[in-house]
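Structures are listed in the sections that come next.
First chain A sits with chain B, and in the next complex the same chain sits with chain C.
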Partner chain A sequence: MDNIDIKSGERSPSIMCDWQKATMEIKGESFPENVTEFYGPVLASMDNFFKSNKNINFTCTFHLLYFNSSSAKVLMRIFDMFEEFTKSNMHKIKVFWKVDEEDDNMRELGEEFAEDIENIQFEIINK
Partner chain B sequence: MDTKTLFDMHKIMLGNEVIMTYSGYMSQALLTSIASVLRQQIEQDHLSRKVMRNIFSVFVEQYENVVRYSDDQIEEEGKDDIRYGIMAISKKDDSYILNCGNVIRSEERVNILRNRLESLKKMSEDDLKAFYKKKLRSETEEGSKGAGVGLIEIARKSSEFEFDFIDLEDGTSFFLLKSILK
Partner chain C sequence: MSDKEFSLYEEEEEIIVNANKFINNTKDLNLFKAEFLTLFENYKKLFRQSKRLIRMSDKMEAELATTKAELEKYSNKLKIQASTDTLTGIPNRRKIMDLLVHALEKSIIDKEYNFNIIMMDIDFFKKVNDNYGHPMGDTVIKVISKHFFDKLKNLGVIGRYGGEEFLSIFYNKNINETYDFADKLRKEIKDKIITNDGVSLSVTVSMGIASSKESNDLNQILDIADRRLYKAKENGRNKVFFS
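The block that comes next holds the complex of A and B.
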């Protein structure tokens, strides 16, 4: 499977996925012109990766500066996907929600997602 | 319109401490530029990150609401739709006021939107949060090109919001939404 290496744009984050290392990082602004077009292929690759493997220690790091409501929907989809595959394919998934120092607001936004998470490790860290 | 009228408009805007206004066709591509200008502008005000992000957030959701749902649109094959709307951001004392407006043709859609906004207005912060999360998880509604959560986001990030539907002579309605951020 090809790694993902999407460079950041004015309205879209950079996305890096290294399947061999089982790491993923989403970083920057997220209010792409077309959310489905932007995130669709990434979600499809993730789904494919989690489905065709078992027992993977996977780490996903988010370092977001802003995300709009359409992107929040994608984030929720990603966390739900993590939960699903933790159960079905025994993956161990760890999420790092990186925030800039003194960015309490982004910390709160991360905590909101964390409230609904049961089977994956969700850690908020200062940059 | 003569120059005098334009200058009168300028004076009205100055009087209302308008920091940005737009009237005309709007596209996703235009949002990229306007958003970057707005961000630069509000950064000058030395607000907390939370307030700054909330202003930016309500602006983006309002803009996207017009771009997705205004019924005055120009469609051209191979190009993105452009839709007509108005937006104005102004200051009053320590608050920021974000307004947007667009035409809605169908009475049915006016009623749906009115009901939706009325119910959002009644919700507490906790209700809004729970509803937001529920909507993030639900399938996108039919006829809704966005995530359908934009209005909830606006309700959550605004200190208060108001809306109005004005009947136009041709039987259509003009929808107006005002968010106040403190």
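The block that comes next holds the complex of A and C.
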């Protein structure tokens, strides 16, 4: 399975995914013109990876500066996916929500996501 | 999931499809209470997410609005800074030239509209600097520009054109009215005692006036006013020339 290496654009974050190392990082600003087109293949690859492997210790790091509502919905889909695979004991998934020290807004948004999370480890960390 | 097109609202759509299927194909709904409950729980979760999404979106919007307001404030401040002379607080050369271009364009379109310009220079200003130092020179420039500005009120605008040179645009007045204003100002400046750091002096100014009726060309109008200012200097300074 090919790793994902999407460079950041004016409206989209960089996405790096190393399947071998079981790590993923989404970084930057996210308000792509077509959120479906941008995130669709990434979500499909993640789903495929989690379904075709077992007992993976997966780490996903988010370091976002801004995201729009559609991107927030995508993040919820990602967290739902993580929750499902963790709940069914297929994988162990850890999420790091990185925020710049002075970025209170992004910290609060991370806390919003965290409220719906039950099974995965979700940590908000200062950059 | 990888086989079909990704949709943002895939789960919500799936629930609706399943619920419809279920209702259409079920004869005795009580037998399928468990399935109904699952659907209900799923939908409750999505509803919770939707509410959260709106809350998050509001937060982002508020943050963006604050940033936008800050940027606008900063941008306005920069705009003012870019068009203001730091020493005197009146429009700088760039701004007064913009206003002159604008007035000229208006006078070309509207034949009823006209303006005059006054080019003013402080006489022997170099001597003020040489004999009393630059702080005194700065005070002289500040006092004279403030006096001009205060007297001008809404009759026109004044800007700092160069070191000790000022350019004023006098809107919709005839040349005699402009001359009367300029000459009165000249006398007032001559009689003004300017003090800096306990030292007092007085200065005179020379002025050249040109009218928009004399030319449609920016450089030409400036040149006419400049030549008359030169004439005022040549004729002993402390004078106003409009022809």
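By our rule, the second predicted complex is superposed on the first by the 126 of 127 C-alpha atoms of A that agree within 3 Å, B and C clash if a C-alpha of one lies under 4 Å from a C-alpha of the other, contacts with A are read in each partner's own complex, and residues count from 1 in each chain.
One rule holds in what follows: contacts are C-beta pairs under 8 Å (C-beta built on N, C-alpha and C of every residue); 3 or more make two chains touch, one makes a residue touch a chain.
All values derive from a computational prediction rather than experimental measurement.
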| item | value |
| --- | --- |
| Chain B versus chain C as contact partner of A:E118, first or second or both or neither | neither |
| Chain B versus chain C as contact partner of A:G40, first or second or both or neither | second |
| Partner chain(s) touched by A:E10 [first = chain B, second = chain C, both, neither] | first |
| First (chain B), second (chain C), both or neither touched by A:D2 | neither |
| Chain B or chain C, by number of chain A residues touched | C |
| Partner chain(s) touched by A:N48 [first = chain B, second = chain C, both, neither] | second |
| Residues of chain A that lie at the interface with chain B and also at the interface with chain C | 35, 66, 68-70, 72-73, 76, 80, 105, 112, 116 |
| Sites on chain B touched by chain A in the complex | 28-29, 31-32, 35-36, 48-50, 53, 56-57, 60-61, 64, 80, 129, 133, 136-137, 146-147, 149-150, 152-153 |
| Of all residues in chain A, those that touch chain B in their complex | 10-11, 31, 33-35, 66, 68-70, 72-73, 76, 80, 102-106, 112, 116 |
| Touching residues (chain side chain A, partner chain C) in the complex | 35-36, 39-41, 43-45, 47-48, 66-70, 72-74, 76-77, 80, 105, 108-109, 112, 115-116 |
| Complex contacts: residues of chain C adjacent to chain A | 1-2, 5-11, 45, 48-49, 52-57, 59-60, 63-64 |
